[in-house]
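Pasting a structure below so you can have a look.
A, B, C and D label the chains in the order they appear, each numbered from 1.
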């Protein structure tokens, strides 16, 4: 079951979204490049986060804030790819359920938009350890889309 | 993608869960019977809510609280079917994103467990209008599972 | 600490908000009148829910959906009182933490707006048993405010 | 109104909590020391986040993930101070409402526990810009408290 039917193709290509994020959000690479956008599609995006010492917590698990950043970036990329760079969406709500502790590994966030309206976009992100299937975190987010000028 | 792999069959049948809910939660039928459990499975349940005047709001749309009750019941049924009637799960968190206004129609809630641990269960519910595909509401819930006696 | 400083007086009186809710949401009284708006103020409202058999659950506790309806109504009243009846706010997100089981008692919801923007309002609700102080439920909600015509 | 009445004094002092966090979570200082615990009390804690280039986003605003880390740390410190270092609480749910864009400034997170049970702790965090009063973010979090050995 999908959240939206009659999906249109995304309006930006993967390369265009990557270039936009590089230009507008260079700070996400502070301390070393670890977030990589892997795919965009109709109402969706996939973002990968490399294993990196600064994302870790005691016991070798990935920190909550590193996962939260991954979810926010994946949803932002999905929205950007599907509305284009005409307006910068603003995060208004993020909610996370942390389900299992991942090991010291890379993570993958699969973002899927549930609604893409004129004023609000809502989506969910499923985060898994790279190569595994059990969810480590489920996130939902709401973004406000400014009026187009 | 599922939230959990290696799913075991549910431990209660549909008829057993229905009988348990009838016995323990007769109040959900106050004002007329409108919630019907349609299916239970490994980590899942489907609950239907009939169209009924008391669930409506101005403009003929279904009220938020009626949808929230549907989501809570569907998740409760999914947990009950998969842990058995040995302990009553307690709702600790529910979060809802209201996506589209449904018309004056019945609704279907598809609950899927993302985690079923010894102490906590977490799941999501996708609510659609009967016969339609676009989501009207997305919910997530957390339930505390008391220690078994 | 308040969420907003420089609070203006509410733009509707208690009697005006009560009359508006009676006219627009008669369904909330289906099965017997139990929700009562007690106060509105700058960025705030207080709603009371009477003890009623249809709000109960096994063990004599108040049902989750009855509390969720109380929170939604209290926030809606706080927004209405502070923007006026020019546009109907639409609930986009509600999130609940259920903290303690109340007994078979009336409940009070104290709503406080954290933001009242042109497009979005965000608030929280503290629910206590009537006459008690410990929280039974904490809720947050986001409402979309349609463009004024 | 407080979430809990009959508050006991915290069981760890500010210095003890700071020393514990330094020892167990050195990674939060990766890239430069910017999180500082300022106070702990009965069911509460206050954490400050310094202005730092790595926390910024375009337009000079503080990033969402930096605020989310601040909220998680403040709640963790409040729980730790009030249950002691006998068991490590695990974050199970975090939910954020982003209310206003802060400027390029330090932030303060005031954490307040709404429930401190044997198995679950729930709290909220009010985040403001240093020296200002309007909320920039409101967060709620749930933490699982492992059984004591």
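Operating definition for what follows: a residue touches a chain if its C-beta (ideal position, glycine included) is under 8 Å from a C-beta of that chain, and two chains touch if they have at least 3 such contacts.
The structure displayed is predicted, hence computed values, not measured ones.
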Most widely separated chain from chain A, with each centre as the mean of CA atoms: C
Reference interface B-D: repeating pair among A-C, A-B or A-D with over half of contacts shared: A-C
Length of the line joining the C-alpha centres of chain B and chain C, rounded to whole Å: 24
Between chain C and chain A, distance of the C-alpha-averaged centres to the nearest whole Å: 33
Rounded Å distance, chain C centre to chain D centre (Cα mean): 28
Multi-chain contact sites of chain C, meaning residues that touch two or more partners: 92-93, 95, 97, 122, 142
Overall pattern in which the protein chains touch one another (line/ring/star/complete/other): complete
In the complex, chain D residues that touch chain A: 24-25, 27, 30-31, 53-54, 56-58, 63-65, 68-69, 72, 88, 90-98, 101
Residues of chain B touching chain A in the complex: 1-5, 95, 97, 99-100, 110, 114-115, 122, 124, 126, 128, 133-135, 138, 140, 142
Residues on chain C engaged by chain A in the complex (per definition of touch): 92-93, 95, 119-120, 122, 142, 144
